[in-house]
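These are the structures in question, set out in turn.
You will see two complexes here that share chain A, one where it goes with chain B and one where it goes with chain C.
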Partner chain A sequence: MNVSLTILELAVVSLGIAILLVDLWLPEQHRRLLGYTAAAGVGLILVASFLISVPSAEYAFGKMYVMDPLALFFKRFFLLAGAIVLLLSVEFSDRIETGIGEYYTIILFALSGMMFAASANDLILVFVALELITVAFYVLTSFQRNNIKSLEAGVKYLILGALASAFMVYGIALIFGTANSTKFGDILAVAGSVSSNPLFLLGILFVLVGLGFKIAAFPFQMWAPDVYQGSPTPTTALLAVGSKAAGIVLLLRILFSAVPQIASQWTSLLIVISGVTILYGNLCALPQRSLKRLLGYSSIAHAGYLLLGVAAVSMAGSSAILYYLLGYLFTVLAAFTVICIVMREVDNDDISSFEGLHARSPLLAATLSLAMISLAGIPPLAGFFGKFLLLKAVIEQGANEPGYYCLVIVALVGVVISLYYYLGVVRTVYWTNPSPGQASILVSTPVRFMIYACIVGMLYLGLLPNAAVNLAIRAVQVFHL
Partner chain B sequence: MNGVGLEHYLIVSAALFCIGLFGVVTRRSVLVIYMSLELMLNAANLALVAMSRFNGNLDGQIMVFFTITVAAAEVSVGLALIVALYRKRQSTHVEDLTTMKL
Partner chain C sequence: MTQEILFYVFSFLTLLSGILVVANPVSRNPVTSAMFLVLTILFMAGLFVLLHAFFLAAVQILVYAGAVIVLFLFVIMLLDLKEEETRRVRKIGAGIGILAVASVFGLMARTIGTIPPTASSGASRPTLEGLTAPLGNALFKQYLLPFEILSILLLVAMVGVILLSKKDLR
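Moving on, here comes the complex of A and B:
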C-alpha cells in the first residue's frame, strides 16, 4: 500500500478543511481573501503536481487506486479547472448571502472527488468518487437558497442524480455477482468467460447509465438545461467542465481498462447514443433565449462530440477526447466568466442582456465571441482542432463498420446547426447597441488575468496543438486497446 | 438456507428495484420520489449482500457499507434541500417545479 500516491487529493482535502476552519474565525470583511487563498492553494498544488512523474502505473489500497499518466493528466486538468472556478466564485461571492466559506470548501471537496475518480481502478472507488462529486454538487447547485431557480435546480439534480446512483449501484452489484470482483484487473481477466452472461451485460449497461447521467448524454440529459440555468454561475462552470470530465474519464477507464471486449461489441450502441446526443443538444439549443440554458444544451451536444471518441474505440479516439476536454475547459470557463460578470448588474442571463456588450466592455465581448467561435468549432481555436481529431479517429474506424460514416455525417450536421446559435450570440454582442443607461463594465484584475489565461489557452491549443496532443497520446497508453 | 437460493434473493431485489423505479416515475411528490429512490438503493444492497454470501467473497458486503454511508449523506443533503424548497414554495410537488422553461 502506498498512501503517498494520493498526495494531491490529500492536499486538496486538507486545503478544504483548512478553509472551513479559518472561515470560523475570520471577520466578515476578509472573507474575500479566503477565496483567493483557496484558488492560490489549488494553483500551488497544480504546480506541485509537475514534480510528480509516473513512468509506469503504480497502485495503492489493494489496486483500488491507480496512479498512471492518464490519472495525472486528469488530476492536473481538474486542478486547473478548480483554480479558475474558485477565482470565479470570488467574483460571484457578493451574490451568495451566507456561507461563502463553505462554498469554497465544497468546491474543493468536489474537486477531490474528481481527482479520485481520475485514479479509480475499482468499481467501489468509482461509486464513492462519483458520489463525492454528486453530493457536493447537490449543495453547490442550490447554494443561493433564497433563489427559487437555484433551489429548483438543486432538487432536479438531486432526484435525477440519486436515480443515476441507484442504477450505478445496481449495475455494480450485478457485475460483482457475475465477475466475483469489483477490481478492473480481475474483471478484465474474467470478462472473456462472463461476457455472454446477460446479468453481467446488464450490469455494465446500468453502470453506463449512471455515467451517461454525469456527462449528460442522451437519454439521461434532461436535468442539464434546468440545472445549468438555475445554479449559481461558478457551479455551472464546474459542472460543465469538472463533472463532465470526471464522467468521461470513468467511462474511458471502465470501457477500455475493464471491459474492452464489450466496448468493441457495443460500438453500434455507442454510435447511436453519440449521434442522437449531438443532434438533440444542437437542435434544442436553437430556440433558447437564456445564455446559461443555451450552454446547457450546448454541453449536451459536446457530450455527444466526446462520445464520438468513445464510439471509435481506439487510441486515436481516446487521445482526441483528452485534447478536446482541454480545449473545452478554457472555452467554457471563459464563457461562464463573462456571463458571471455581466449578470452582476442584471440578475438575468437572457441573451438580450448581452446586447451592445462590445461598447460596455471590449474585453468581455471579445472573450465571449472567441468562446462561442471555439465551441462552434471554427478555426483557428481549440474547438476546431478537437473536433477535427475526433472526426478523424471516427473515420479511421469506418473501414470496420459503415455506421461510423453515418456518425461523421450526423456530427457535421450538428456542427452546422450549432453555428446558427453560437454566431447568434456573437451577433448580439457586436451588432447591437447597448440600451441607454448601461454603464461600461469594470473587470477586476484577478478576473482579467483569468480571462487572458483562458484566451491564451484557446489560441495556444488551436494554433500549436502538438504539445497537448502528444500529452494526450501518452496519457491514453494505459488502455488495453 | 434450505430451498432458498441466490435466485430468490435476486428476484426480490429486482422486484424492489422495479417498485422503486415505478415509484420514481409515477409519484408526484418529491418526498415520495425520494423514498422510492432509497428503495432502489436498498434493492442494490440486497443483491450485493446475497451475491457476496453465495460467491463467498466479502467485497460485496464492504461495498454495502459504502453504499449505506453514501446514501445517508445523500439523504441528509436531499431532505435539507426539500425542506428549503418547501419553505420557499409551500409545496413539494413536482408540478410546482416549473420556474425554468425553454
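Moving on, here comes the complex of A and C:
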C-alpha cells in the first residue's frame, strides 16, 4: 500500500486542520494573517508538487487511487485555484461577520476533495470525493447567513446537489450490479460483455447525469445562475473553477478510462448536449444585468465548450480541455477578483456599479476587460487559443460523423452571441463616466500581485501556448483512446 | 428448532407492532405510534440476529430505534399534532397505500418465483456472515481511503452545521 502517493492531499488536509485549531486561540485582530497563512501554505504545497514526478501511473489502496500525469496536472490546477481563492477570501473577510477561520478551513477541505477526485480510479472514491466537495460547498454558498440571497443560494444548491448525488449513487449501484466491480480497470475489462446490458448503460448514464450537475451542463444547469449570484464571491470563484474542473476530470476519467467503447458509441448524445449547453448559456446571458449572474450563464456556456472536447472523443479533444481549463482559471479568477473588490464599495453586482471603473481604478478596469475579452475568445488571450484547439479537435473528427460539423457551427454562433454581452461589460467599464461621489478604489498589495499573476497567465497562455499544450498532451496519455 | 420458534415469535411481534403503528384501536396519539415503531424495529433486529447479520441488528437498534426515533419524537412534539388524534383516514390515501403494498408484494413474489429450486438446497448458498470482523476488514483494508475521506466529510459537516445554525456566533 503506497500511502506516500497521497502526500499532497494529506498536506492540504493537515493545513486545514491546523488553521481550524489555530483559529481557536488567535486574537481577533490577527485573523487576516490566518488567511494569508492558508494561501501561502497552499502555494508552498503547489511549489512542492513540482518535486514529484510520475513517469508512469502508480496505484495505491488496491488500485482505488491512481497517481499519473493527469492526476498531477489537475492537483496543481486545484492548488493554484485554491491559493488564489484563499487570497480573495482574505479580501472578502470583512463582509463575513463570523467564522472566517472556518471559511478558510472549509475551502481547504473542498480543495482536498477536488484533489482526491483528480486521482479517483474507483467509483466509490469518485462518490466520496464528490460528496466532500459538495458538502463543503453547501456550507460555503450559505456562509453569509444574514444575507437572504446567500441562504437562497445555499438551499438551491443543497436540493439540486442532493438530487445529483442520488442519481450518481443509483448509477454506481447499477454499474456495480452489472459489472461486479467499481474499479475502473475491472469495468474496462468486462465492459465488452456488459456494454449491451441496458442496466449497465443506464448506470453509466446516471453517473453522467450526476457529473452533469457538477459542471452545469444542460439540462442540469438550472442551479448555476442563482447560486453564482447569491454566494459569497470567493465561493462563486471556487465553484466556477474548482467544482467545474473536478466534474470535468471525473467525466474524462470515467468516459475514457473505464468505458471508452461506450463513449465512442454515445458521440451523438455528447454532441447534442454540448451544442444545446453552448446555445442556452449564451442566449440566457444576453439580458442579464447582474455581473455575477451573467458569469453564471457564461459558465454554463463554457461547460458547453469544454464538452466539445469530450464529444470529440480523441486525444486532441482531451488535451484541448486541459488547456482550456487552465486559461479559464486565470480568466475567471481575475474577473471575480475585480467583482469582489468593486462590490466592497457598493454592495451590488449590477453592471451599472461598474460604470466609469476606468477612472476609479485603471488596473481593475483593465483586468476586467482583459478577462471579458479572454472569455469571449478574442486573440491574443488564453480563451481564444483554447477555443481554437477545441474546435480543431472537433473538426478533425468530422470525417467520421457529419454531426461534428453542425456542432462547430453551433459553437461559432455561440461565440458570436457571447461577444455582445462580454463587450457590453467592457463598454460599461470604459465608455461611461463614474457617477459623482464615487471615490477611486484602493487595491491591497497581495491582491495586486494576484491580479498581475492572472493577467500574466492569460497573456502567456495566449501568446506562448506551446509549453502548456505539451503539458496537457502528456497528461492525457493515460486514456485508452 | 429453537431458531424456528424464535423466527415465528419475532415475525408475529413485528407484524403486530407494525399494525399497531398505523391502526391502533386504543390510542391515536402519534407518540404511541412512534413507540410501537420502536418495538417493530427491535423485533426486526431480532430477525436479523437469526439470519446471523449481527452487525446489521446492532446498527438497526442504534441508528433506527435510537437516533431516527428520537428525531421523529422531536418533530412530533415540536409540531404538537393534536388534530392528528381526531383526523379520519382519507379514502384516497388508504387506496394508494394498499396499492403500494400490493405492488411490493407482487414484486417480492415474482423475485422469489425466479429463484431456481437448487438455490435453497444449501449447496450454492453464499457464505454470507454478518459478523463485524469481515466488515471491519473491508472498511480498514479494501475501502480504507474512502473511509478516511468520510471522516473529513463529517468534520466539514459538523463545522458547517455549527456555523449555520448557532444562534450567536460571537
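FYI, the second predicted complex is superposed on the first by the 481 of 481 C-alpha atoms of A that agree within 3 Å, B and C clash if a C-alpha of one lies under 4 Å from a C-alpha of the other, contacts with A are read in each partner's own complex, and residues count from 1 in each chain.
Rule of thumb we're sticking to: a residue touches a chain if its C-beta (ideal position, glycine included) is under 8 Å from a C-beta of that chain, and two chains touch if they have at least 3 such contacts.
Worth saying up front: this structure is predicted, and the values here are computed from it rather than measured.
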Contacts of A:Glu131 with chain B and chain C, given as first, second, both or neither: both
Of chain B and chain C, the chain that contacts the larger number of chain A residues: B
Partner chain in contact with A:Met64 - chain B first, chain C second, else both or neither: second
Touching partner for A:Ile172 - first (chain B), second (chain C), both, neither: first
Touching partner for A:Leu44 - first (chain B), second (chain C), both, neither: neither
Chain B versus chain C as contact partner of A:Leu20, first or second or both or neither: second
Chain B versus chain C as contact partner of A:Lys156, first or second or both or neither: first
Chain B versus chain C as contact partner of A:Gly99, first or second or both or neither: second
First, second, both or neither for A:Arg145, with chain B first and chain C second: both
Touching partner for A:Phe109 - first (chain B), second (chain C), both, neither: second
Doubly contacted chain A residues - partners chain C and chain B: 124, 127-128, 131, 135, 138-139, 142, 145, 154
Chain A-touching residues of chain B, taken from the complex the two chains share: 10, 13, 17, 20, 24, 30, 33-34, 37, 40-41, 43-45, 47-48, 50-52, 55, 57, 59-60, 62-63, 66-67, 70, 73-74, 77-78, 81-82, 84-85, 88-89, 97, 99-100, 102
List of chain A residues in touch with chain C within their complex: 1, 6, 13, 20, 60-62, 64-65, 97-99, 102, 105-106, 109-110, 112-113, 116, 124-125, 127-129, 131-132, 135-136, 138-139, 142-143, 145, 154
Partner chain B, residues of chain A touching it in the complex: 123-124, 127-128, 131, 134-135, 138-139, 142, 145-146, 148-149, 151-156, 158-159, 162-163, 165-167, 169-170, 172-174, 176-177, 180-182, 225-226, 229-230, 287-289, 293
Chain C to chain A touching residues, read off their complex: 141-146, 149-150, 152-153, 155-157, 159-160, 163-164, 169-170
